[in-house]
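In the two assemblies presented below, subunit A is common to both, partnered first by subunit B and then by subunit C.
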Partner chain A sequence: MGNRRVFTSENILAAIFWLACCTYPFLHNTYFVNNFTYYFIMIIFMMSLYVLWGFTGIFSFGQAAFFGAGAYIYGIVSKINPDNSALNILGILMAVLICFSAAAILGMFIYYGHISANFIGIITFCLSLVLQTFMTQTSGPEWQVLGVPLGGYNGLNAIPSISIMGFSFEKNSMYFLCMALAFVFYLIFRKMQHSRIGYMLFGIRENAERSELFGYNTAWISTLVFAAGGAIAGFAGVLYASWGSYVVPSTLGTSISFIGVIIIALAGRYSITGATLFTFIYVWFTRFLASQGSAYSQIVQGILLVLIMLFIPRGIGETVFSLGDILIDKLIPKKKVKKDQVQKEVTRYAD
Partner chain B sequence: MQTDNMILSIQKVTKNFGAISAVSDFSMDVKKGEIHCLIGPNGAGKTTVFKMITGVYPPTYGKIYLKDRDITNLSTSKKMKMGMSIKMQVPGVYSELTLRENIRIAAQNFTEEKMIEEEIERLIDEVGIRDLGNPKVKNMSHGQQQWLEIAMALAAKPELLLLDEPAAGLGPDETDFTANLVLDLNAKGMTILFIEHDMNFVKKIAQNVTVMNNGKFFAEGDLDSILNNEGVAEIYLGKEAKVC
Partner chain C sequence: MLQMIYNFLESFAYISLAALGMSIIYGITGITNMAQGELMLIGAMVVSYMCGMARVPFIVGIIAAMAITAIAGIILDRLVLTRLYSRSEDSLVCTYGVSIALMQVGTIITGTGAPATKSPFGTVLIGSRSYSAYKFIIIAVALILFGVLYMVFNKSRFGLHARATMERREIAASLGINVNKMNILVIVLASALGGLAGALYAPTMSVTGTYGSNFLTHAFVAMIIGGANPLVGTFIAALVLAVVESVLSLYFGAFIGRIGMLLVAILIIRMIPGGFSGMVERAMVKSRKR
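Up next, the complex of A and B:
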């Protein structure tokens, strides 16, 4: 609250990260740039869960349902006529709007139905599982939407890239689009952390009943947040479908949901910067292990995850930033300031 | 039914949980500007009454009026914007956040953003917790958390403040501090309705007392009349005993 320091390890690492991302395409070939584009999509997907779990304490195990739904909706609408740029835009809008509406309806049942927080994870998990199972069996010719076959286990292929006014986002331009969007989401959520909305959501996360007694309509707020999370996940799904040109039923499935949960659990629920950087590192690391072709890669991942959970329970992000700040305090001598200013700062930042 | 000097009127409320009746046909009035205490043995239904007033539990039957307005079926969040606030039995604070962040969450719903810092400072001074600094709430003592929660409750600028066991778990000095705080708030015109088991605390601050037993109204009167009521002594401590 109030005045905050600029030269924190969080700010420094964030600046280095985003600057490095800006320069990356100029230093590497298209193959690597294309891979990195996927990392930004996963960052946006992670943020859809972060706004729920990190800000508001809503544990969703089914964000992939909205991610996959967004990908499918965009794929279907844009494939009606791949050359029609307007349909492409319509596909994006419909994906976001439908995911928002579906999440809002589900959220209303959950929050106005006073369903226990423990069951939200189970309900969202089931949603993801049901959608994946359903889409898997849509292989017959009778399974078409707007004339586009759903493709069953094989899903949709040859999905057009996002196109605005005739400009198609592919390769490097897709990289910069996804990076810019991830950066915008990152800035919004960082700003939110110390805003009126942020504190309102933190209050609901920490003690929803108490927040209700401070005059907050927690059911309405939680429903809106749940809907916003669904919309962001759906939007990430649109980017995914555009990036890969395909979507399959497993995109709706639990394994992608697990990735989001694991990333936020390990990175920590209290730092959007930590979660963003860790998403990048985690996705890169898992891909790196997979590329080694070793059957033990998932075992290595599992062991690392358990170790982090055991020894860094508040998450890597917050721990690294705390240690970094201690280091910065030692390296950079503080300016001499008046005694009353020190007292004011101590009062503000004690603990 | 209402009169000008009543701020809260509870009329024949009943709360059933399935076949169990936690509160039955209970009525009480709280006058503007008084410090009113609700006492009774454990399980008498006092906290359930508070939860019905705040809307956490809707009454099964009966009516509740705040400043002549029927608030029986209003949602909790709406009720809390009508000049009422509560400090809960178990400190309802946000333990992972700092003292100032806690007050901010409580205050921002009732204060313009540009005035929020001033309001936080005002509340800190009003409750007298400036010396605590700005620790994370989970590192504060139970008593300090109680005071913080009172500061948070005051953020709503309430006319009626509900305190559920404000002295529970406090040492003698902390109890005195809390008693003086409540008296100060009352001197500024705030009406206080509180639940308390500590009779020494009740004797220090209460003006009128309502007694509950087994979910029902048992007795009501000024402090002296209740302390000398043999029936009250009996339900509290058994026969041959006195409350004081």
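Up next, the complex of A and C:
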């Protein structure tokens, strides 16, 4: 643990990625920058799933339900009076809080009810499906919350962007806000991988029963993690609503959850850098496919998911990183470190 | 009142037909098959194209649908599921990939909808209301299916082996049951059931790529609260859910009915661990002890 190396392929790639992100807005026009912001929002959303699936082994198929709920709540609250920026902040807080508590309640039912792990995915899947169908049919004038019509299939439009102290985040400033947030989340989870909390969650992932015997209250911890995942997804939803200034029912739906699941599965559940980079690549790639108007993109994605799950269950990200590390080891001959280590080993055996 | 009973029976048939195949696969092999909805889509498409376009008799269409979905089940098993028996927790994600791909294939083939099949048998007048006679056939099929499956699982050699595999996989294998062969047989059975259900509902709904996902919520919920035993669990779960859904939809509309069903399901899992089959098992153990 003590002498972890700095120049691993993971670190190098991550550094390149984040530096490229920093310089991107200075090299491209606002249109591209605005598109790029979407990638960061997806990265944050995806991290909510990563915490659940990668860290704790909780498989949620309904993260989009929280994502969409966050977006809707922010949209509704901020649309009560678009000129009042205090409502804006209230909207963010409410979205995160409601998503947190909704996820906590659901998690409580799941974990204290001792539901088999397979069913958690199914329950969250159903939740997301039901929410989507519910929001789709809210088109009539009788469906409004605090004077804001829910809009049914068309969803909410003209949602004001996030503004704090009179400064509203749009275009380039929104880009930097989202990038900073994504980076903060990235750092937190990167650190968490080698912290006590991280190890505790890994323990639950690997064997919940054993962790419980070690004295961890796994039901409570899992519930908390589930709730935190919901809150992060809700927060990503807020950013999404603010960025695109619209929410539609399909935001709640299973197709967005599916994107999250496929990214984590492809990237590898055990590598946050891989997941981050892959979110970027994947979202870019699907947008490219969609712009080509190909009807086959979903087929390709589905088959890809099956193949990866069958043959590379650890995911591409990790495989690439471990191969990269081997390559680096060969490129940079380690002289001193190795000698020292050998010396140490020798002295230890001599003792 | 009559309307309510009719709604209840209709809902019962819908839930049990949707859930049976899936819960049989889950109960015996431990795999959550998300692609079951797409097997139903295949069944529906076979019927639509054979009966709606080629004017083949409906019964022949259904039999063909079952045969073709059974073959599809074998292909699915050989290509994907065989590799998943040892790690069933990954099966959900994996079969969801299959489901997504097949759904899109279905969308490309059917476009805005496969040729419509006419609902056979017309309508029946009961009292002052007219009901679709075809719905009664479906209800009858669902009930008969439970009877037949009960006989298969409790009276035949295959059923005995299947139940043994369900209870203790390793011990069943060590006693000479070919567990892998069992898996394939179970998948074929469940696929054919999915094909049957899909084919039966093809005349009543529009057959598009997302046809299969209409059934998913019901199937899942019934499977979850049914528990490990595919027959007993699904039967009771379908009964309970049908009551909840038919009563709620009659008074508040279909959406509240669906949401209510989901909430009841979550409550039931919280109250009765192991689902309904767990409850039945405990009751049986108790009565035997006396």
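FYI, the second predicted complex is superposed on the first by the 316 of 351 C-alpha atoms of A that agree within 3 Å, B and C clash if a C-alpha of one lies under 4 Å from a C-alpha of the other, contacts with A are read in each partner's own complex, and residues count from 1 in each chain.
The rule we apply is simple: contacts are C-beta pairs under 8 Å (C-beta built on N, C-alpha and C of every residue); 3 or more make two chains touch, one makes a residue touch a chain.
Because the structure is a prediction, the values reported are computed rather than measured.
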{"item": "Partner chain in contact with A:R196 - subunit B first, subunit C second, else both or neither", "value": "first"}
{"item": "Touching partner for A:I303 - first (subunit B), second (subunit C), both, neither", "value": "second"}
{"item": "Contacts of A:L127 with subunit B and subunit C, given as first, second, both or neither", "value": "second"}
{"item": "Partner touching more residues of subunit A, whether subunit B or subunit C", "value": "C"}
{"item": "Which superposed partner A:A15 touches (first subunit B, second subunit C, both, neither)", "value": "neither"}
{"item": "Subunit B and subunit C contact sites that coincide on subunit A, given as residue numbers", "value": "none"}
{"item": "Sites on subunit C touched by subunit A in the complex", "value": "26, 32, 80, 83-84, 87-94, 96-105, 107-108, 213, 216-217, 220-221, 223-224, 255, 258-259, 262, 266, 269-270, 273"}
{"item": "Residue numbers on subunit B that touch subunit A, as the complex places them", "value": "54, 56, 75-78, 80-81, 85-86, 88, 92-98, 100-101, 104-106, 108-110, 113, 117, 130, 133-136, 139, 152, 155-156"}
{"item": "Residues of subunit A touching subunit C in the complex", "value": "59, 61, 106, 109, 112-115, 117-119, 121-123, 125-127, 129-130, 133-134, 137, 258, 261-262, 265, 295-296, 298-299, 301-306, 309-310, 313"}
{"item": "Interfacial residue positions of subunit A with respect to subunit B in the complex", "value": "1-2, 196, 199-200, 202-203, 206-207, 209-218, 270, 346-351"}
